[in-house]
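Below are structures written as structure tokens.
Same chain, two partners: chain A is paired with chain B first, then with chain C.
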Partner chain A sequence: MSDAGVIHDIGYQRYEGPRLGRAAVFGALYQHGLRASFGLGRSIKAKIFPWLVVGIVLLVAVINAAARAQFDVILFDYFEFDSTISWLIIFFVAIVAPELMSRDMRAGVLPLYFSRPLRAADYVGAKVASLVTAVFLLLGVPQLIMFLTAAFTLDGGIGKVWEEFYGALLPGWAYSLLWAVLFASISLLIASLTGKRAFAAGGIVAFFLMTTPVVGVLSILPSETAQDLAGLVSPMSLINGVYIWLADGVDLGLDVGRFGPIYGIEAFCLVAVALLLLLARYRKVASL
Partner chain B sequence: MSTVAYITARGLFGRRRALLLLPLPLLLVGLALICEAYDVSPADWGQPVVVGLGLAVVLPVTALIVGTGVLGSEVDDGTIIHILTKPLPRRDIILAKMLVAAGVTAVTAAVPLFVVGALAESVRFGLALAVGAVAGALAYSALFLLLSLLTRRPVLVGLAYILVWEGLLGRFVSGTRVLSIEQYVIGIADKIAPSAILDGKVSLPVAVVMSAIFAVGGTLYAINRLGSFSMAGETS
Partner chain C sequence: MDAPASYAERVTIIATQSLTKTYGGGVTALSDLTVDVEAGVIGLVGANGAGKSTFIKIMLGLIAPSDGSVRVFGLDPVVQTDQVRARVGYMPENDCLPPDVSAAEFVTHLGRLSGLPRTAARERASEALRHVGLYEERYRQIGGYSTGMKQRVKLAQALVHDPDLLLLDEPTNGLDPAGRDAMLTLVHRIGTEFGISVVVCSHLLGEVERICDSLIAIEGGRLLRADRISAMTAASDVLAVEVSEGIDELFDALTQLQLAVTREGRQLLVPLESESSYDEILRAVAELDLPLHRLDQRRHRVAELFTTKETADV
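Let's turn to the complex of A and B:
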């Protein structure tokens, strides 16, 4: 007890239990990010906006499913669903991305995070993964509702249901995943530039909105090449183009001509560049 | 009052932040120039550029960023208390902020719209768009200024208004047009210089009166709200 040099022993003990590593930090950040996306575990104020969007999206899906079940009218299929609510997806990422990125900068917790065994790649990865999951849930769950309604009302037994599942829902989910990955990486990059949530939200919306009319303008230029490449300018039509190329001829209201691969390459590069820039952004974090 | 306006303007423009406002107008003029260079008929490109980009995106988004930036950011980081504790009538504070917000928005939106309108049709059409944009800037700025006093998340509420109310519902539900500033702008510009590009759905008196109600009513209510403003800590 009374070793030489010890004046007071006030009873502090070292922690000797197991120490969780990077994987646990990643998991915790991911889980927290996903919960924060929907305001879970937070006050009612944080829930209003995400759940407003979720409510509208679910309403659209239910109306669509009901129209199909009752009147046999397909308002839009699993693909068109994503494009129909694209403005709500923009709104959703404008709400959630600043919540995930800007809040941490504003609250000055980044130096605390990075004093743990956490690398920049883990932080960025966890944030991107949680936003991708959140956007995918936003799109995938309504699609599942549309599928379930269809499955219980389709005539033709299990074969028909399987066909609907395999031929329509799964590609629809893949398409939603594409939306989620592209929107999450771009919006998180924009949000990581400013600690003010307000500016981040404005920037995200400005970016996504101002690119859309450009497509409309380019697609009326008197050059066929320009028309086929017009969709490259806006993330929304870019995703359309990628899917038209992959699914070879699905009609999503966009003509990509023979430039399909370019759409694929640009989508890949866009996501890769956004993620690399995010990594570069978090190589160094300011303490304030 | 001039000091408040000066500080607000510096808050908006300081540290090269003004450059952030440049891409939107430049894109607007750039697209019009591209179309002009390729000899596309203005009947084809007028609608997507003037209405789709100019009136539906550039004007409201600029107004949103500027309008919430002049007051909302000060409320957000708590520096508004420095202005509130000075012996200034709250009216002067709001009026100064409103002046800066509407002025900046009007210049950012009206100048490129004038250029685009002049390219698309005639100088008269350009002037009509500019007048409409100035009216819209006043109404939008007052609305977003008021929002930053009514709620802690003014940008999201403003975005909900632009995206959901004007964007989504305005297309499908005709009744929402009576309460849509974008439609007032289109109505005013369409009346000054009738053209095929614009399709005004509200009459001129309705558009003028409603924009005035938004601008004046919003400002008055904002003065009232700032009069009994209470500081709150970081919540949610």
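Let's turn to the complex of A and C:
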């Protein structure tokens, strides 16, 4: 009897190492969510869609950067870039938000989460942070590529590069962050309502797309006030409006007139309400 | 290995005082529950809806009691939630596993959510899966597991952060008889060899009495009885004597020997007070020269104790 290949039962070992607090638990859940957003640690099937979107977005950025470097033609700037790919952002959150929220609900893992040192607020916070980061990376990395290409090909030395960085890239990133926060909070709220991923994805796409035609109709009404307020109806034009207000009259193809602050208030309220509803929902789920 | 066991016997791990939980709709899930639970393997039995799950949720700090108090390891789950949860592992009754990840990955993830550092979580996950007998299969996706294997993953995730107390809600749910036995053996091993106390919830008394040191029976949110199994069965061991004739004479003879004999149909029941009871009965039968049919020890099932207790209360 040779027992070379036998695994000896060394008995149960107690754990004497450190136990980290809620901040570390939050970090672990955030990291897990961010990885899941891009299908990392999941099957091939879960990777296809996020990376398809990433690929298209990067391609758009590279083409734009190349056009500027080669022919000195600016197809779109850092702001227009976000608006240009807004449909892709919608599809991205429509796939990823249910992956983050509905999946946990469907599988019933929440009782396992909430019997650990994790609160409803931690869970919601970590998921929102994951998706905000994922959407921001989706927008910010291509913007960085556009900047780097410009930096190496622009005539005018280091001063011009700094000007491009402070004057264009940073505001562009801020604008992307605004997109990320609004899209993440709304899509996660919709995804938290159902355990069925397909329903959640459909709901998210419907919410973002159905409102666009309304903006179109309102913006051709004869009343100037109606035209200025038209952008409030759709999340996409709402973000445009907020930025036009903040950056004081940047041309994003939307006229907000003197109603800029209203755009700001609505965007803030929309995010706040979405997050509060999410929290209220998970407070209830966590005690079940 | 004996030292921890005897030490464990004296430690109170859960103590409740008039614990009451009333839900919003006026439904009383727990009513005036006062019980001290000592370390070991504890069976929490009661019919569906008796308040077992509510009790578990209160111990985990998931819901706050309406009245009364509860202490787990001397800690208040409402206030010291994190300290309690770090020392408690919970295995829920329902399906709670995602199908599209491997058991190793899932248990590691939950280990990190319990506050273990990354490498420790990975090591502990492998260990926990090894202890429940899933070491070979741990990199397979959970969706392809059998019901028995899934129950083991649920047990492993409750063990991953090395708790001092496991709360298992119906761990044998949906298992076939062989699977039930395996699961119960595993639970018993955890309670005796790992030095971890276990509360096993079940609506099947016969199942948990085999592996438990003590039992808590609740019904309609009220405590029916809580005691050590040994205390419950010790008083209940009786010898059943059956003779084909002369039962009255034997009755008189045994009564004269100061034995508390009772008659039950064609049998005489004698409490087993000491080892000599056997000999005394045999001698009496021999002296009377009666044809002895049967002499055996009847061990009361714990279930019977509850029924008599219950009717006595009414």
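The definition used in the following text is that the second predicted complex is superposed on the first by the 268 of 288 C-alpha atoms of A that agree within 3 Å, B and C clash if a C-alpha of one lies under 4 Å from a C-alpha of the other, contacts with A are read in each partner's own complex, and residues count from 1 in each chain.
Just so we're on the same page, a residue touches a chain if its C-beta (ideal position, glycine included) is under 8 Å from a C-beta of that chain, and two chains touch if they have at least 3 such contacts.
Quantities reported herein were computed from a predicted structural model and do not represent experimental measurements.
By the touch criterion stated above, A:S43 is placed in contact with chain B and with chain C alike. In the superposition on chain A, no contact is made by A:G55 with either chain B or chain C. In the superposition on chain A, A:G21 makes contact with chain C only, not with chain B. In the superposition on chain A, A:H32 makes contact with chain C only, while chain B stays out of contact range. In the superposition on chain A, contact is made by A:L209 with chain B only, not with chain C.
Look at A:L221: by the touch rule set out above, it reaches chain B but stays clear of chain C.
Of the two partner chains placed by superposition, only chain B is touched by A:A198; chain C is not.
Legend: residue contacts after superposition of the two complexes on their common chain; A:G167 is shown touching neither chain B nor chain C.
Overlaid on A, the two complexes show chain B and chain C touching the same residues of chain A, namely 42-43, 46.
Of all residues in chain A, only 42-43, 45-46, 49, 52, 56, 87-88, 90-91, 94-95, 196-199, 201-203, 205-206, 209-210, 212-214, 216-217, 220-223 touch chain B in the complex they form. Here chain C touches chain A in the complex through residues 57, 60, 62-63, 81-82, 85-86, 88, 90, 92, 94-101, 105, 109-110, 112-118, 120, 124, 127, 131, 135, 157, 161-162, 190, 193-195, going by the rule given at the top. Taken in their complex, chain A has these residues touching chain C: 7, 11-15, 17-22, 24-25, 28-29, 32, 41-43, 46, 103-104, 107-118, 286-288.
Of all residues in chain B, only 20, 23-24, 27, 31, 34-35, 38-40, 44-45, 48-49, 52-53, 56-58, 61, 64-65, 68-69, 72-73, 76, 152-156, 159-160, 162-164, 167-168, 235-236 touch chain A in the complex they form.
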